[in-house]
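Pasting the structures here.
Below, chain A partners chain B and then partners chain C, in two separate complexes.
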Partner chain A sequence: MKFDVIIIGGGWAGRSVADRLALAGMKVCIVSEGLSLAVAGNNAPYSHLAALQQRGVTVLRGDRAIKGIITGSKATGVITRNLGKDTVLKADVFVLATGKFFSRGLLSDMNHIWEPVFGADVSYDADRTKWADSEFFAHQPFMDFGVLTDEAGHVLAGGNSVVNLYAAGEILSAGSKEFDIDSFIEEYEHRIG
Partner chain B sequence: MQKEYDVIIIGGGITGAATLRDCALRGLSSLLIERGDICDGASGRNHGLLHSGARYAVTDREGAEECIRENRILRRIASNCVEPTEGLFISLPEDGLDYQANFIQKCREAGIDAQAIDPAEALRMEPAINPRIIGAVKVPDAAVDPFRLVDANILDARRHGADILKFTAVTGLVKENGRVIGVRTSKGDVFRAREVVLAAGIWTAGLAREAGVNISMMPSKGSLIIFGHRVAGHVINRCRKPANADILVPGDVVSVLGTTSDKVPIETCDDMHATPQEVELLLREGEQLVPSLAHTRIIRAYAGVRPLVVADPAGDGRNVSRGIVLLDHETRDGVPGLITITGGKLTTARLMAEMATDLVCEKIGSKARCETAARHLPGSEGRKPRFIDPFNIRAAIGRHGEEVARMDFDNGGEIVCECEHVTRAEIAYAVKEFGVRNVSDLRRHTRIGMGTCQGSFCIKKVAEVLAGELGVDPEGLVHDYLQERWKGITPVLWGDTLREAEYMQKVNRNEI
Partner chain C sequence: MSTGSVNLEQCLKCNLCTLVCPMMEVNPDYPGPKKAGPDGERYRLKDPAFFDYALKYCLNCKRCEVACPSDVHIGDMIQSARIKYGSQAKKKGLRGLRDWTLASTDLVGTVSSPVAPLVNGVLGTRPVKAVMDAVLAVDKHRTFPKYSRQKFVSWFRKQDQSAFDRFVTYFHGCYVNYNYPDLGKDFVRLMNAAGYGVHLLNKEKCCGVALMSNGFADKARKQGTVNLDSMRKAVSAGEQVLTTSSTCTFTMRDEYPDVLGLDNSEIRDSLMLATKWLYTKLSAGEIHLNFRKDFKMKVVYHTACHMQKMGWQIYSIALLQMIPGLDLTVLDQNCCGIAGTFGFKKENYGYSQAIGSKLFADVEDSGADIVATDCETCKWQIEMSTGKTVLNPVEILAKAVEF
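Up next is the complex of A and B:
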């Protein structure tokens, strides 16, 4: 299976990207585990996914990206839990929108924080005692942690830009660059004339 | 003219509460004064372990004998507060079996039933314990809910005529001709008594100084971690010389691992919290008992202070007793009217109370005998409550036993806290019986917010209900509670705990 764009994560960030790209005519796939903060107490996210599906988006419901493949400076495929390791979903562009800790976009142990799908670079304080502020309602440092991008919004892995991998929403670290949907669509429309 | 009490007890932990009960049962007119809520000091910040005495059998024969006697008494009179989990002392290869042989011998000498069992049998009973064990000993340890135990003592005392004054600090002891004749409170009142008993844990030394009495105390901080599940059914101990993090207690629906033991400055005792370094130490050691603790979800970490008394103030602090300390300040310091009861353990608090009350009676010329070992505590009367036992009140029966008869489930049967199944009726009961002011107080008397979600889901609902009972602003209740919970969450903020912390943050900042 080959798509223009695969979006990993069905929360508000991933769905917004899918929505815009599908409207622009791209062949889009979204992997949605259905465990999003936005899901609590209402079914709006599910209606949204149904609408996306009617618009031609391939929605992998209740599925989870377990491994992203990077070859050289490009992301080349994604393997999901439900489709299994023999099915590699391919695309020209990938957007990581898996959120922070609650949605397991970021995992952590006592001393490390990592991004589990592509192994993207994550910014966090090496000193665990600085992850939280002791005042509950103060700004919490851990909410600034997330994946790093270059100036153009390419996600970094091993210190290098992955030129077709972007990030959207809460998985981004504070100061990193959100996937620029407008310019991406503009570029796409220019390319297909 | 103020009423004169026979006895005023300062401190609303287990020692003060048990002493109040003993005094009340002996017919003394009694008042307990507590600066905060009941059970808000060390009594609410420990393992919740009902010692069999085995832990002390080798090092402190007297302490071990006290423990096993009180263990048997509490199983009977406080059956609703005690869960007879029994305990295992396991030996790892590095501990050797020499200690175990001596341990069993010493336990038996102290009257503690200690049975060596085959390591394979121990692993069958408790599959979670370290498979490297080379020996195991079964002893009559148990889990005790300290909040329930203190509450039950308070209720019994009050139902026998005792007065309780909470959220009131004692600012000074009133003396007349060298004799302590009463206390002055933060609210400007003076209460007179024939005897004043200090039972304020580590805060006792400061109060005694008010009366010109020097008690040299050494605050010993103990940090503990709560895990989100019971990983073992027995209390799991290490069969070696007592050390850090070598006890894991199954309490209610969680497991409690502890403790550390560090001397701390007395001025830090009002704001105790576990540090990240202590958490690392606890986990490293705890994994030797039960390896799966390495990836068991942690709910929070907390710390309490043992009120140890330095027997020889001129010494270097090594000569410290962990036993019961009863001080008659009339004979010791020439200050009549003042008694101190401190040291000891949660397990031996009833005995401490008996000793203190015996001395009070001797001073005021009462011949009344102690009855606390024979009479059941409220909630543990041993008569099964007559309920059809619907699902929503099963948890309340477990917590309060016969006390559920005082809860109006017909008009408040709906569940407010889902994790612990606390109903509106139980909240109303706690407000009435214990005079709670905020959600943290309510937690101590009902377990509200102590469950798996730590109040993330229910805090707003709880605050609304409680605010309705108290006639206060719910927002303030939410704020105070979250800040208090956050203190115990930040030292263990990684893995699943970090996941949930993000959720807790977002729900309560209205970001979802």
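Up next is the complex of A and C:
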């Protein structure tokens, strides 16, 4: 299955991107593992996804991206738990919006932090003792950890830019550049005339 | 061995599952997925006496699991608890007989098929419905699916498949075999048109979903073992096992390991709905079907709950969208309320119809000629409650293809 854009993560960040891109006329797929707690309100988490679906977005509810495929400097596909390895979801552009630790956008053990879908580069302090400040209300260093991008917002993997992979929302490290929806849509509209 | 309780500690008590539970909305006696699942499990592990008999209201629709942000196996936990602790509540007397009859799809089908016109006629009459309602507590509003005089397997045995050099194996399920062979016939015609011959499993038993929900887990496990043995043979011969029922598929792929503790790892990836197989092969250009040019149909697609749990509606939808002349609308996912044998029971009929009301209204408002869905019990429920004809996407495809 082929889309213009695949968004991985159905929280605020992923939904906002999906909504804007679908309105602009793009063929969009969003992988939403469960409903998002970040989307507050009683019915909102469910009705938002239903509204996206009505707008023509392919919503994979309760599904999880288990592997992103990178070929050379480009992301080429995503495999999900439910659809299985014989269905590679393809797209021109991918957006990682899987959030930080709670939503498992970032995984960690005692000494490492990693991004499990594309294996994107993650910034974190090599010294484990510096991850958290014992002063509860202080600025917590781990909240700055996250996926790294180049100046154009391309996500880095193995130190190289993946030129069609972007990140949105909490998954970004402090100082990295978020997916620029406005200029992306502008470019798209220019391209299709 | 049940894996139901493994991840109860992942539950954050956020209640998103409660929000999407269709039973919770209509029945205040049901504690809801959070309380019945991870909360209750904590108590049950301490003392089985904490088992709450209101868990019988769980439809096992798995909408809670689709909604859970922490991937807690809420539905599995409830289903496992019913099997583990609920057996003492096994109903005696006539209601027990009713549950056993509703669950024994294979046996009742085998007995009914040879005398199908008689059974269909008798089950459809008002006095019989009234007696079944009063004595067996099978709700009188229900229409029983009609039994077919010729079983699907009897028809299939007369079909020559020897001209093909590649094959798929078909798990037809009870509904196709005893009630609705036309769907199976359409499946065989489509596979043949795509250049594939069809084999049946060495031995096929009911998938066991009705046995599990009616408290006969041991029997379900036995039948599951027979099915898995046969599927291993088919898969090791290089054939994929295709189905036309979303619930049978879901049961054998997910409930076998998660609830019954049966290992299906060797065959799980090779067991799939025909719509997934057809879409994948058609879109890759590996098979070809000739579509009729004069085909016109306005269809609404209803995503069955177990279909949503597997996430495979996208294949059925994409397959329907490939058909020239088919105008498709996808309905918002809502439960139809029947949940297999649940809705046939007198004590559940009211809940069943209340849960389905949103879907029925959507179907009525859609103005479609045909409702498409991959689940046969959704079909019975929607046909009874809306008067619209409901077809499996495989049947619609067969109508649109030039043979």
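Following the convention adopted for this analysis, the second predicted complex is superposed on the first by the 188 of 193 C-alpha atoms of A that agree within 3 Å, B and C clash if a C-alpha of one lies under 4 Å from a C-alpha of the other, contacts with A are read in each partner's own complex, and residues count from 1 in each chain.
Convention: contacts are C-beta pairs under 8 Å (C-beta built on N, C-alpha and C of every residue); 3 or more make two chains touch, one makes a residue touch a chain.
Model, not experiment: these values are computed from the prediction.
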Based on the shared chain A superposition, would you classify chain B and chain C as clashing or fitting together? fit
Just chain B (first), just chain C (second), both, or neither: which does A:G153 touch? neither
Considering only the touch criterion stated at the top, classify A:G9 as touching first (chain B), second (chain C), both, or neither. neither
Once chain A of both complexes is superposed, is A:F142 in touch with chain B (first), chain C (second), both, or neither? first
Which partner does A:T129 reach: the first (chain B), the second (chain C), both, or neither? first
Can A:D109 be said to touch chain B (first), chain C (second), both, or neither? first
Which holds for A:N43: it touches chain B only (first), chain C only (second), both, or neither? second
Smallest separation in angstrom, by C-alpha atoms, between chain B and chain C in the superposition: 7
Contact residues common to both interfaces of chain A (with chain B and with chain C): 37
Interface residues, chain A side, partner chain B - complex: 37-38, 40, 100-102, 104, 107-111, 128-129, 131-132, 134-137, 140, 142-143
Considering the complex alone, what residue numbers of chain B touch chain A? 276, 280, 283, 479, 482-483, 485-487, 489-490, 493-495, 498-503, 505-509, 512
Quick check: in the complex, which residue numbers of chain C touch chain A? 12, 14, 16, 19-20, 65-71, 269, 280, 283, 308-312, 314, 318, 330, 332-333
Chain C-touching residues of chain A, taken from the complex the two chains share: 1, 33-37, 42-43, 45-46, 50, 53-54, 58, 60-64, 80, 82-87, 103
